[in-house]
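The structures come next, written out as structure tokens.
What follows is a pair of complexes built around chain A, which joins chain B in one and chain C in the other.
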Partner chain A sequence: MNSRRFDMLLLAAAFLLFWAIAARLAGPDALSTPVATLTRAVSLLTAISFWDDVAATGHTMLWACLIVLAGGLTAGLLVGSSRLATQVVEPMLGPLYSIPKITLYPVILLIFGLTPSATISFAAIHGIFPVMIFTINGIRQVPPIYERSARVMKLNRFQMIRSILIPAALPEIVAGLRVGFSTTLLGAIIAELFASTAGMGFLLIRATEAHDVIDIMAITAILFAFAITANSLLMRLERHVRHG
Partner chain B sequence: MSDTVELSTSKAAAIASRPEDTTHAKLEQVVRDFTRPGESEPFRALGPVDLELSHGEFISIVGPSGCGKSTLLNVLAGLTKLTTGSVTFEGKSIDGNVPDGVGVVFQEDASFPWLNVWDNVAFGLRRAGMAGDETASRVEEALDFTGLRDFARAYPSQLSGGMRQRVCIARTMVLRPRLILLDEPFGALDQQTRLLMGEELLRLWRETGATVLLITHSLDEAAMLSQRIGVMSARPGRFLEILQTGWPDDRDSTIVENAKFGELTSHLWSLLRQETMAAMKQSTDGARS
Partner chain C sequence: MSLAGWIRLIIIAGSVLALEVACRTGAVPVLTMIPPSEMASSLWKLLISGRVNGDIVFSLTNVISTILLSVLGGFVIGAALHAVPRLRHALDPLLSAYYAVPIFVFYPLLIVMMGIGPPSLITMGAMFGVVAMIINTLIGLDRVPAAMMKTSAVMQLGPLRSLLFVRIPAASLHLVAGAKLAIAYSIIGIVAGEFILATAGVGKRIAFAYNDFDNQMMYGLLLLLLTFTITVNLALSHLENRLRKRWGQ
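After this line comes the complex of A and B, so read on.
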């Protein structure tokens, strides 16, 4: 076993211990124990009805991620590859991103009603900004020497974007996708929490209303495991494109 | 015809094809002014300068920091426009358009970190749409020449600074430029590596027959490598003197033991001492204002 894996195990053990102690101190009305939670998580995962809600959230995530990927990357590349567009758009993106997006949810609900389209668009606006910001920054940070070398090798504008800007900015772009994925998931769950008829967020709010502490914790644990797995896969991809 | 043969005969071919005209590139009354952001008055970075490069010659340009050496190179590479004057390469005017047949090696590490050594070297050929087998044979040849064969699959981040600069030289050389411009290419390397890389550059020059213009801040490097040395003044850069070294073609770094080498470098220094002091004063004044 390598030391990194050992460290991770140690961290997980410490986390479980902390959780067990916290559960004991807070009492069963607020926190369930690790054993009770994980047992419930397993029984949830083996129930067929649970997978309908996973599918609902999965459907939201799939479409939202497609929108984030296509929209965020295209907009980021278009803006990032033009110095003027970067100067105009970039100062607006930060403040725009910092608006609490939940304030836009009523408007989205008025437009789409209580439909999957509402949750999808709400999730997508969470993810699209980080992807755009990271892509623009990634391109801006490409050392000018690469472009000068490419000019000497007589690359045209399109070749410059495809063969220099995108590969040089790729590690940053993938980092943006990783952050974008997390925020899209956040958006999807929030949307389901506030107004929806299915999904993981919907299950969570239903369990909260029923004050089923073990259900709340089990659903949270499943979401947590999913988010960590997705994040570490994207981190692996990021390391792969960084070439040391 | 195999590539090695082509490489070794290209110098003879280059000379034979132009028996009358020895001028390869020519700068006439070239001036480059820049306007700094927030300033209305432009300042003169370069000129006016006149310079003629002969086919197949090796010329170095030395001068104090900020004297416009790099601007001179950028003008020749078509990377910057002229304010006034004219630049021609092989009889055709260059003005802010990168001409065919010119290769540039920069001081900064320009190797692409997302490509391995092989793909870095093949980059320009692939973009130019060259056939795969011709690309492969040119890349292999360049890797052999620069001693990078064993590192073909390595990424630049795994290489030393000297090796990365070799990648950039190989990447330029596969395009078979007839004029190679080098902007302080060994500036970031240690002294021993510089000497070796200088020898490699001489070998490249001898074997390809290309015209070489080397910008350097090392007087030793200029004195060791060149046939002619252009000494530039403090900004705005003009030529104070263009001197001949008179070295044989098959020189290498052992030339530093030659008595004439010492005379040459001390002459260069006597020309540059005042100019360097002037350049230092300029940059101090610039910092103060």
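After this line comes the complex of A and C, so read on.
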């Protein structure tokens, strides 16, 4: 085992120890122990009703990610492939990304009502900006000589995007998709926490209202594990694309 | 103003105008959205009446405390990690995967531990903001040119003076970039926390107005919040650009 891995294990062990001691001190009304949390997480994962809520969040994520993928990439590629469009759009993306999008959820709810469409569009809003920003940045880093060659070969804009910009900017685009996935998940969970009728966020807020500490911690742990796993898979893909 | 600037202005003004027309003609029902001009006038009335002053002060106090915690805390933790490479390398995977976790899932847990109120809100906001500052502090300190560190050694500056006069100025671009993110995340954290579950605050008021079908209040406060965050973001971007020019990047 190398020393870095050893240090990481040491930190993880220290964290678990800290958690166990804090749980013992705080009592079951405020914090459940690591073992109790894990046991509850396993029993949740083996209960059929839990998977209905997983399916609800999964449904939201699937459609939101499709919208983010199609919308964010198309917008990013169209804007990024034109210098003027980049100059016009880019300064607006930062401020748009910085606004607390949660405040727009009531507007979306007024438009769609309390339906899956509302959760899906709210989650998609979270993901679309990072994908756009990363795609535009990726295209900016494409060496100018590629674009000059494209002009020499008389490629039209669509051909240039397909055969030059996408392959050259692919590592950045994949990085954007990874960040976009995380922010979409964030949006989906926030939407479910605020107003929804099903989903992991819904379970979490119901457990909070019932002050069911062990359920809160088990659901949080499951979501945490899911997010970390999905991120490391996407990171692996990113590394694969970057190094071929 | 540049051509791009003019086009941007036309796009923004055009969108607002289109929204105004759509709302006035009934293309967008009044129960869904009120015209932008009405949003502005209802915000004005709200501010004059003082009805929401308590909530504004509540949110602003929380936001400022959160920003101080995330920016200063993030810088101190980042600088400390930079000084202890072994700990930093062990924590690296955590730092790089941090924002992959929807941090708000911890809010219910914080409520259980600290109750509903400023402590759980501020912790939530700081948890969301601090890591952006830590990461950028590390990047900034990594990129301080070796020549500057050598110069500071030649001048026999102690650790504190070297940090104050050499490293912080040299890393200022990344520090401001980190602060910009940490500030945006702190605001988002507080507002979202207030929105989901809180006793007061602008976020709580907006959620309440939504439940009450009080569109005047909801859109007025929405406008206030958007104006505030966008102004803060633009001001920090301006500072960032000035630093970039100064450091010739």
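Here, the second predicted complex is superposed on the first by the 216 of 244 C-alpha atoms of A that agree within 3 Å, B and C clash if a C-alpha of one lies under 4 Å from a C-alpha of the other, contacts with A are read in each partner's own complex, and residues count from 1 in each chain.
Just so we're on the same page, contacts are C-beta pairs under 8 Å (C-beta built on N, C-alpha and C of every residue); 3 or more make two chains touch, one makes a residue touch a chain.
Please read all numbers here as calculations on a predicted model, not as lab measurements.
Visitor: Give the label of whichever partner, chain B or chain C, reaches more residues of chain A.
Guide: Touched residues of chain A are more numerous for C.
Visitor: For A:25, decide between first (touching chain B), second (touching chain C), both and neither.
Guide: In the superposition, A:25 touches no partner, neither chain B nor chain C.
Visitor: Tell me which partner A:143 touches in the superposition: chain B (first), chain C (second), both or neither.
Guide: first
Visitor: Between chain B and chain C, whom does A:48 touch in the aligned arrangement: first, second, both, or neither?
Guide: Neither: A:48 stays clear of chain B and chain C.
Visitor: Scan A:190 for contacts with chain B and chain C and give back first, second, both or neither.
Guide: Second partner only.
Visitor: Just to be sure I read the superposition right, which of the two partners does A:154 touch: chain B = first, chain C = second, or both, or neither?
Guide: In the superposition, A:154 contacts chain B only.
Visitor: Show which residues of chain A lie in contact with chain B when the two form their complex.
Guide: It is residues 143, 145-146, 148-149, 151-155, 159, 163-164, 167-168, 170, 241, 243-244 of chain A that touch chain B.
Visitor: In their complex, what parts of chain A are in touch with chain C?
Guide: So the residues of chain A touching chain C come out as 3-4, 7-8, 10-11, 26, 29-31, 84, 87-89, 91-92, 94-95, 97-107, 109-111, 178-179, 182, 185-186, 189-190, 193-194, 201, 204-205, 207-208, 211, 213, 216-217, 219-220, 223-224, 227-228, 230-232, 235.
Visitor: Report the residues of chain C in contact with chain A in the complex, numbered from low to high.
Guide: Listed in rising order, the residues of chain C that touch chain A are 2-4, 7-8, 11-12, 31-33, 86-87, 89-91, 93, 96-97, 99-109, 111-113, 184, 187-188, 191-192, 195-197, 203, 206-207, 209-210, 218, 222, 225-226, 229-230, 232-234, 237.
Visitor: Can you check the complex and tell me which residues of chain B touch chain A?
Guide: My answer: residues 77, 79, 98, 100, 102-104, 106, 108-110, 112-115, 123-124, 127-128, 155, 157-158, 168, 175.
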